[in-house]
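Each of the next two complexes has chain A plus one other chain: chain B in the first, chain C in the second.
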Partner chain A sequence: MSAILRLLFLIVSLSPGLLLLAWDGSLSWTLIDGVRLSLTLTPLAGFFMVLLAVAAPLVALPMLRRPLDWSSLALYVPLVLGMELLLLAGDFISFFIGWEIMTWSSYLLLLRSPRADLETSQSYILFNLASAFLLLAGILFYYSLSGDFRIGPLAGTTFGQELILAVLLGLAFLIKVGTLPLHIWVPSSYDQAPDLFSAFLSGAISKMGVYGLILLLTLFPDALTSLAGRLLEGPAAGYLLAWIGVVTSVVATYKAIAQEDMKRLLAYSSIAQVGYITTAIGVGSSLALAGALYLALVHTLVKVLLFISVAGIVLQTGQRRFKDLGKLIERMPVSFFGVLIGIIGLAGMPPLPGFAAKYLIFVSLVDARWLLLLAAMILASTAAFIYCYKLIYGPFLGHANSPQAREAREAPLIYLVPQVILMALLVLFGFLPGLPVQVLIDPVLVALGMETIGGASWAELTTTYGGYDGVVLMLVFIIAFVLVTGIFLLLRGRMHRAGSPYDLSYAGEVPTEGTPLHYGAGMGRELHRIPLVGWILRRGTRGFYLGLAGQMRAAAALLGSLYVGRPQIWILIAVVVFAASLAAQSMLGGL
Partner chain B sequence: MHAVVDSLAMIGVSYVMGFLFYGFYRQFNARVQRRWGPTIWQNLFDNMKFFFKSETLIHGPMFFFGPMIIMAGAFTTVLFVPFLKDSDWLQGFSQYGNLILIIYLLVVGPLGNALAVGSSGNPFGVMGVTRGLTRLMGLEVPFFLGLAMVMLQHETASVHAIMAAQDSLAHWGIVTNPIAFCVILLPFIGSQHGAPFDVVGAPVEVYAGPRVEFGGRLLGVLMTQRMMMSIAKLVLLVDLFLGGATNILVLIAKAFSLFLLTTVISMVFPRLKTEQAVDFFWKVPLGLGVLGVILTVWLPSWSA
Partner chain C sequence: MTLPLTPVWFVALPLLLAFASPLWVRLRLLMPLLVGTPAVLLLLALALLPEVRIAPLVETIVIAPPLGIHLQLDSASWILVALISFTGLLATAFIWLGDGESYLRDRRAFIFLLLLIAGCNGMVLTGDLFNLYVFLEISGVSAYALSALRRDAPALEAGLKYLLIGSVAAVFFLFAVVLVYLQIGQLNLAAIAEGFAGIPGPMQILIGLLMLVGLGIKAELFPFNFWVPDIYQGSHPVVAGLYSGFLVKAFLFVLFHLVFLLLADPGVAGAWLMGLGAATMLVAEVVALRQDDMRRMLAYSSLGQIGLIALALGFGAEATTAGGLFHMANHTLIKLVLFLTAAVLMRSFVSARLADLAGAGRARPLAAAFFVLGALAVMGLPPLNGFASKLWILKGFAEAGVFWPVALVLLAALIEAGYYFRWIKVLYEPRADLPEARAVERWGYAPIAVAAGLIVLLGVAPFLVDDLFIEGAQALLDRGAALSAVLGAGS
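Now for the complex of A and B:
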């Protein structure tokens, strides 16, 4: 029985992939009079379905490790199915139903973690409900404009109407994406969620917000070219969105560096990465959208990989803070390579595909002449090296800092299989940076009516500003590495290993077991001394929300004071005003 | 076959230029300080001495592979920078790359080596790495902004195309885009580990910085890659701002004059702390860069 259920679970987790292969045409039926539901797979939705098809089974696999948590497995099923519905939706009713199923099943899954506290779960559900209500309001407003729930470009709307719609839907999706200052639900919920589910939260669910943002652009026929005029060479309306994205990434990057817990660091890094995607969507050119989609793909691969690796470390050691780990490289080599490949992708280093995505976004910013945005993005992108290094140094290098870290064993096979698959995919895309462009991204660009950017071969990534060849780059690097290592080993002389881990050049002293030699927790603390960074790190959005709460309370008190005084007077005034307006209208002949 | 010979030639040229330039630097520095100084060949001798050490201490496999990664990164970087223009030689694989790729390749190696430093288990080394990454964060912002101004000016990220556009002295980047050159110059010194931004690996700082645990042949590898990387960066700046070079002598002359300029700046300023350096990069070169963007990008678009 249990085996059959587990098989069923795996089949559901594979269903996005099966759907991609088997889906043909579209479904449509009438819900009530005048409202039709329709399911269809647009190229844009197809792209995000690919992300889901990669993330869902790879996260599902390690969840099958015994002892099984049947409730989590049961909740994962509606979550995946809800997201499929959301992506297939050709109308806003099914879109909303899918969105709600996703919100509630992910909330219940979050609650399965023993670490989830009241504040986190409350902020998760409140922010996501706010997102859902904004979405609902936006959908109803959309219906009032177009008279139809079908998702399609709007025609004949005024600028004011477009603005209201864009703000309602935009806010809904930005909450899901987690841009500043709407991000505060993200770090604690990614941190406290069940370890494997964090991978899905970051890898797949946050991408639904990105899908929504791009979908929002398609509602306005001229949005991608000239919404509200042009600024330099890009759309003026996107400039604000781009800055929101960049400020999000800069702040989230510094917050990530300051974290002392692996999962919180990854959570902030997710916020930062999705910030880049938001920026690219703001630029809106075909290069930028290609960059946004590419980064969404890479981020899904990288974050699922990193969160599963970290889940493996937590499983084997029970520790999640940098200061309690260390020197796992010898005990967990596969996880080490998982994190290594993950951070190379995360940092956007060549030759892995993270670089291809960053390259497209950088070039699109130069092309749009938005150089100040580019500089701010470089700041975030370079500062990210520090937290990437912290993420690999803290757990894997240095000295083991807890008994568990000293005795840990490699993560179970069921955790390693998804990691190896993801590493292979990342390396493959490193060789062939043009492959995702031609196979996944170009169809989306065609469907959006934009220029394609695919090159002559899968190995090349081409833009009007020039490109690069992944195969040549990778081969040069590999050959150079092999040659250097070979020549080095051929040189005369021998190498031997230090006798003990305390055999160090320690400023003339001899360190002992009691000497604090692990630098993991303190790394990045000195950044506080840089004025700008210190300023960012001293501030939080908590103050903003406390201020907002204060204002709400003041407004409520004001309303209350009207009522507490003498309600009859206010009712009397209301009746008089009502009567007067009725009288005035009847005299003018309105009735 | 051509590619193999060409690659070897590029690696050889950058190595020779590297030890000669740094040999000169040591002597020049000594004369400024009224010392006699070592011979110009001293860097070559030091390097060879390291390579023929009979004993090398390592702290595990990653500690060994780190310097190999940084060396492979240096080779790759050198091979993706075109050394000459209008020539079949000293091109490496530069037609398969571009400016942004080169900038990122410069960082790949040091990050690989950072893994080795971490696995040595010496906290001073890791402290040095953190300082290095912090400095990188500071200098990369104005450096990249300056490069973006160059890319915008020529509407391409291809170093070949940028070089080809500078066909005469009047079209050299330093003449047509002086703001970008000024923005880049100081971060460039930082990226060359030059004074006054050399706190990361300077002899008296946190014991010895990222290299604290390395010795013997591994230290030789680190020294070699630093000389080659410096040459790659110098040649890149020659390509972008000094019109490139048509033969090897012109290349050496131009690279040397640029090296002399950075050396002279280095010698007269006292060393900055890491956070001071970052703050400086974000105030002076970046401020200049923002001003440049406003002047060259925003103003023309408003007046148009």
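Now for the complex of A and C:
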């Protein structure tokens, strides 16, 4: 019985992939009078289905570790099916149904974590439902314009109508992707969610917001340009979106550096990465969209890899803060390589495909002549190196700072399999950066009516501003890596190794047990002293939202005082209202 | 001899059985008959459905129209009758199978439950204003008594309070009936509808306001609904489920039935009711944020949904009316699940307070799962039935290009999520010391499971029943057809 159920679970998790292979044609039926659901697979949705097809089974596999949490497995099923429905939707109602199923099932999955507190779970569900209800409002407005729920370009609308639609739907999707200042629910929920589920939240669910944003552009005849004309070489309406994205990236990057906890760091890093994607969508050219899609792909691979690796570390040590870990490189070598490959992809360093994605976005910004944005984005993506470094140094290098870290063993095989698969994919795309472009991205661009950017071969990434050959680049890096590692290993024998972390002294003082010696301890604290950065780090929107919640509760208390338990007051109010309306009517109409 | 299948049985059967109750005690048939009566009524409703869909069934007792007692079963009142019978069936099945409190299982409870069903059926079926008043009193009196059944201080207090406010409502309504009779000299609703336009304007307004206050108190509209939380909290959750399930729906239906029947142009009255509905919905949802007792929270949530239904019906477009009727049915199913679950939780943990139920999801996983299902459905999340009906209502507003109700409904749903998800979170609170749970009869879950199954079924496949609600909406809105059915063509 248990085996059959687990098999079913795996089949469901594989279903996005099976759907991609097997789906052709379309399906449609009537839900209620005048609401017709229809399912088709557009190339754009197909791209995001690929992301889901990668993330869903790779996250599902480690979930099968014993002891099984049947509730989580059961909730994962509607989650994946809901997301499939969302992507297959040919009309907005099925899109919304999928969106909502995704929302509530992910919320219930979040509750499976014993660490989830009331504030986090409430902020998760309320922001996501606010997003959903804005979406529904936008859908109903769309319906009143077009008379149909089918997703397709609008015609004959006024500027005001387009603006209302863009604001309603745009806000809905921006909440989902978690851009500033609507990101407040992201870090705490990614942090407190069950460790494996965080991978899915970051890798797959946040991408649905990206899908929505791109879908929103397809509703308007000439995408962003039609809204407010052009600015420099790009669409003016997108300029705003691009700045939202870049500000999000910059702030989230600094916040990430200042984190002391692995999962919170990854959460802020997710916000930053999705910020880049938002920027690229704002640019809206074919290069930029290709960059956005490419980065979405890389981010899914990288974040699923990193979150699973971190989940393995947390599973084996029970620690999630940098200062409680260290020296796991010898005890968890596979996880070390997982994180290493992950951060190289995350930072967008060559030779891994993260570089290709960021390169496309940078080039598109140059192409649009939005150089200020380019500068801000380069600032964010350079600062990202610091948190990437922290992520590898904190857990794996230095000295082990807790008994658990000293005795940890490699993560179980069921955690390592997805890591190895993801590493292989990342390296493959490093060799062949043109492969995702030609196979996955170009069909989307064709469907959106844009020019394709694929090069001559899979190994090449080409733009009008130049490109590179992945195989050559990769080989150069591998040779350099082998050489440096070889020299290091040769020389290591002669290097002095400290016997214990206290085997040093500084300024004449010998450190004690209480001295935080770990490199990760307090890292990022100095950032608070940099003028602008410190200001950013001290600000937060949490107070605003807590204040809003407090105001709601105060209003509830005020209105609740009407509901007193005294019948004479009820009767009095009824009579007074009756008399007052009668009086009002007599004054207006003349009794 | 064959008994004719006519609408009169919806009133007569429960009345007769209730008055013969000493016999059933002696024969030990009390519980089977309690469950059997609504079941038979449901079967009767289903048997009559094909006829009703062709033409409304009008039954006149005693004298020829316009003098006599009329019962009129059209597509709209059929929905209510079926709903009342079905809700009655599930609630009584819960009382029987759940093996719960003895005071719900004795003769008095039997009488009052059946009288409540008879009264509500009578209210939605009657075509006569005075009979409407009589049925309103029957259902009112049985409701007061049901609240006070437990005979301890909170229950008696609830019963007494209910009696006070209910009597005030009845007085307002009776005044309206008297005034109508003085003005028109008729009590048949169709005849009144014909003559209503002839009444002087100020008198129309007075009658309208009297009816609005009288029925507004009963139908729990703001600002006449301050009594609701106290009564729901003091009553047994199953009884509260019946109030929220069909009693208030019957009053709401009567209110809108009168508006659409009496007024040739229901625009102004509809706008007033929409305003009241919107206020009811928003105020109730906001107040519910601070409630720490499950019964009270459910009472406010019920008010919020009533407000939504009033908002939808008041708009008077076909899509919103059909959606509103559908939402009535859906809300009944949902509240039944929630109140019966509350009954299970209360029986298990003695208390219905938030703090005492923390972690209850681990001790009573099935009950907590039903609560989650009901909560998701009441917030209108797909793929559950609350979504289908809300979508229908909102679509109706969007078609008409009216967006303020859409914004209010969505805002209210968001506020609603604020407290329902807080309850869900607390139910699944990880706690070292699980609250001790007293045993509950597992069969008690069966009626909840049936309602839950329907919640999912109607959510996934609302197209199975949407024709019924469209016909219901047409019957409710089509004044001319309703009049000619009673008075004959050419009137």
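The rule is short, and it goes like this: the second predicted complex is superposed on the first by the 497 of 591 C-alpha atoms of A that agree within 3 Å, B and C clash if a C-alpha of one lies under 4 Å from a C-alpha of the other, contacts with A are read in each partner's own complex, and residues count from 1 in each chain.
Throughout what follows, a residue touches a chain if its C-beta (ideal position, glycine included) is under 8 Å from a C-beta of that chain, and two chains touch if they have at least 3 such contacts.
Remember, predicted model here, so these are calculated numbers, not experimental data.
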Does chain B (first) or chain C (second) touch A:Ala137, or do both, or does neither?
-> second
Counting only touches as set out at the top, which of chain B and chain C does A:Ala556 meet: first, second, both, neither?
-> second
Kindly classify A:Ala456 by the partners it touches after superposition: chain B alone (first), chain C alone (second), both, or neither?
-> neither
Counting only touches as set out at the top, which of chain B and chain C does A:Tyr468 meet: first, second, both, neither?
-> first
Should A:Met1 be classified as contacting the first partner (chain B), the second (chain C), both, or neither?
-> neither
More chain A residues in contact [chain B versus chain C] = B
With the two complexes superposed on chain A, say which partner A:Trp570 touches: chain B (first), chain C (second), both, or neither.
-> second
Chain A to chain B touching residues, read off their complex | 232, 327, 329-330, 340, 347-350, 355, 359, 362-363, 365-366, 369, 371-372, 374-375, 378-379, 382-383, 385-386, 389, 392-393, 396-399, 463-469, 472-473, 476-477, 480-481, 483-485, 488, 491-498, 501, 503-507, 516-519, 523-524, 526-527, 529-532
Which of the residues in chain B end up touching chain A in this complex?
-> 51-60, 62, 64-65, 68-69, 71-73, 75-76, 79-80, 93, 96-98, 100-101, 104-105, 107-108, 111, 114-115, 118-124, 126-127, 129-131, 133-134, 136-138, 140-142, 144-145, 148-149, 151-152, 155-158, 161, 207-208, 212-213, 216-217, 221, 274-275, 278-279, 282, 286, 289-290, 293, 297-298, 301
Where on chain C does chain A make contact in their complex?
-> 161, 164-165, 168, 172, 201-202, 205-206, 209-210, 213, 216-217, 223-224, 226-227, 229-230, 283, 286-290, 319, 322, 372, 376, 379, 381-383, 387-388, 391-392, 394-395, 397-399, 401, 403, 406-407, 410-411, 413-415, 417-418, 421-422, 424-426, 428, 430, 462-463, 466, 470
Any idea which chain A residues touch chain C in the complex?
-> 29-35, 93, 96-97, 100-101, 103-104, 107-108, 111, 114, 116, 118, 121-122, 125-126, 129-130, 133, 136-137, 140-141, 143-144, 552-553, 555-557, 559-560, 562-565, 567, 569-571, 573-574, 577-578, 581-582, 585-586, 589-591
